[in-house]
């Protein structure tokens, strides 16, 4: 069942570790099969060394396990909430990567300060509002809710990342691999932004004209980065 | 004698090096056999490359070597003091990991700023008071004393780590491996807290409701993280 | 065609990754054959693992591909602009290395603070002015233009590096390898300068007499560093 | 000639690279044979990958090459100056390690803030005064001079390290290996001190009683760290 996606999700999860954005089991990546309405996700708390494609868990859109002997990631309801509301995404990833988590703990958006950022995120990477005490009961689902709420006036395709206040980053993309790729890029962007802030706390964002221009090099119809036909 | 524990303590000490929380010989881990009242600990000042399970030292609760040709870690009296006073712990670890040591040198507790912290430590990781000049004679024993003193009104099971002022971190757990695991987690928590402080020195702690909720995901009867039955 | 240079450019690009100044495909190095007026450069967006000398792209001084099936780096017009205006250079490199990019994002020159810097860069590593909105149309060519503009009163041989505002560093040298070498050195210089700034934001530059003296140890007729005859 | 020392100096220089305190060729270590009045030192500017014991250079106390085809390190006069004036040392090392160099560039001593520091350096690691313009002619010899000058009222055996203003650290010890060991330890001490400063710029030194007590654990007649007989 969904063997190809399991393989992809397995590889994407390993990439989180190879790129050093997770410590121990702190991270997870998933991918959705939109036609079948099924999501493949990493099992909860299993060391990366013991993972295999067969250990990936298949859940339906309500979070019920459809295949797999292991329990899915505790963050599964967050992934599902995002899949339900961001209808064009195919993969989701979550880490506690150090610099991105620091911005999340500081309850600050990562300001768009330069080309490294604007090549992948079209503007600030936003930070959610805090959850209220009432929202604790359904912690994971409500985490999904505040993410989606934060993107009410933002384009989730153009900014495929968010910081959850007092927690850490979530990213997404067309598939599990791209979601993970955005997690790795986000951590580096958060790191450079941290250093920039250290040099000049009165951070000024990059000019809008440059942001538009650089983003367009890699995204949209006029993109000319890489080897794809324009 | 205690072959299984020697193997575990040996592996736990190696993990300190693999996870890069020790430089040269700066760290030690131990485990206690509560029934026999014996502790297995790393020998003092032996390079990690030369360690083996057989080189682990067995001491009794007074610090006398019961088995082993090498001298035990100079910090042995601290470990013993903790085992005597924290009766439910089974392992202790000590490092000079960089970020945790910086908080210790600054005589500051690591504030509980987000999910990475609260998943393992239920509230601030406290810093001990300074030792007085009179307490220098029995440096190690008194280091144990100020740690226990600091936990008079704290739950050592819920916060399995401490910073010793002007020195560095000690951690504990149900066995040597978990004590080491907490050392590694603490260093990452200290690191993210350092960056958060850099972004916003007026650090605000995470809301109590979120702290309670997140900690409960991994600890206690209602825990649902990982593969253990709830 | 230009097989030897292709091999050198390939090796130089790999060095960028080995020295960890690029993440994913974020960097490029080139070398010029001045006699033929041809430049060998990395293809755009190809993972380092898939590169080979044969995949390097040969372009003429107008940017037309003369040999190679792949599209050249999107930054090719910047490289060409530098080759046309800095007539004594033979290689160019570009990265988004973390600390150098932070200085670029802060729109600050890297001040010349000590021997590590002055051994390779004779004075501050300058930062360009910002591009105007009008200059966005020809982003890459105009990036080259503001670099050359910035060096109007500076010696590009003595300071083989620049920061492009809101973007990142470019470096150059007698060949592709030396350009890459300068990228790696620049990142370390930017890193030490960042830490120095953290210790003392009122940074004072090193004395001119020491700058002159140290630079002369490695450069010019009286140089006596290394194994070359003086 | 001095084959054993060449081997030791070769290994000590490699350790500089293994412990990541040098980039490219930026570092050197030497050892003296006090009876013969000869010093074995790394050749100048040779990549670590190409080094071998046979390539080490033997010089006499005036800096004349006695054996070896390569030119000795440009810093040889500094090493010799230290050997002449610090009569009990047997090895010297020099690096541009990042954090120690930052303190040197900031013209600040590394304050003695905790146990990691005081285990190896009995008090602040001092920074030299700046060289005057007149002292540039004999840059290396005068660098040695300001180091020795700085230790007029300090015990070079108890503080085996110094920062040279606007330059970087020099360390020493009983042999080349210990000098290198002190370079590695110094970098970590400088790093933790940098973080401590970031948390609390009004740095307070550790109490003298604790400094005395900790240093004595590893040094002098009453030392009880490690496996040597007390």
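Read from first to last, the chains carry the letters A, B, C and D; within each, the first residue is number 1.
Criterion: a contact is a pair of C-beta atoms (placed from the backbone, for glycine too) under 8 Å apart; a residue touches a chain by one contact, two chains touch by 3 or more.
In this text the structure is predicted, and so the values were computed from the model without any measurement.
Enquirer: Using the contact definition given at the top, which chains are in touch with both chain B and chain D?
Expert: Looking at chain D and chain B together, no chain touches each of them.
Enquirer: Give the label of the chain whose average Cα location is farthest from that of chain A.
Expert: Between chain A and the rest, the longest centre separation is with D.
Enquirer: Taking shared residue numbers divided by all residue numbers at the interface, is the value for chain A and chain C over half (same) or under half (different)?
Expert: Different, since under half the interface numbering is common to both chains.
Enquirer: Determine the centre-to-centre distance between chain A and chain C, using the mean Cα coordinates as centres, and give it in whole Å.
Expert: Each chain's C-alpha centroid was found; their separation is 32 Å.
Enquirer: Quick check: how many Å separate the C-alpha centres of chain A and chain D?
Expert: 46
Enquirer: Show the residues in chain A shared as contacts by 2 or more other chains, in ascending order.
Expert: 198
Enquirer: Considering every pair of chains, which are in touch?
Expert: Those chain pairs satisfying the definition are A-B, A-C, B-D, C-D.
Enquirer: For chain D, which residues count as touching chain B in their complex?
Expert: Residue list for chain D touching chain B: 113-116, 181, 184-185, 188, 191-193, 195-196, 198-200, 204, 206-207, 209-210, 212-214, 217, 224-227.
Enquirer: Which residues of chain A touch chain B once you look at their complex with the stated criterion?
Expert: Those residues of chain A that touch chain B are 23-24, 26, 43-46, 70-71, 74, 96, 98-99, 101-108, 130-133, 136, 139, 166-168, 194, 197-198.
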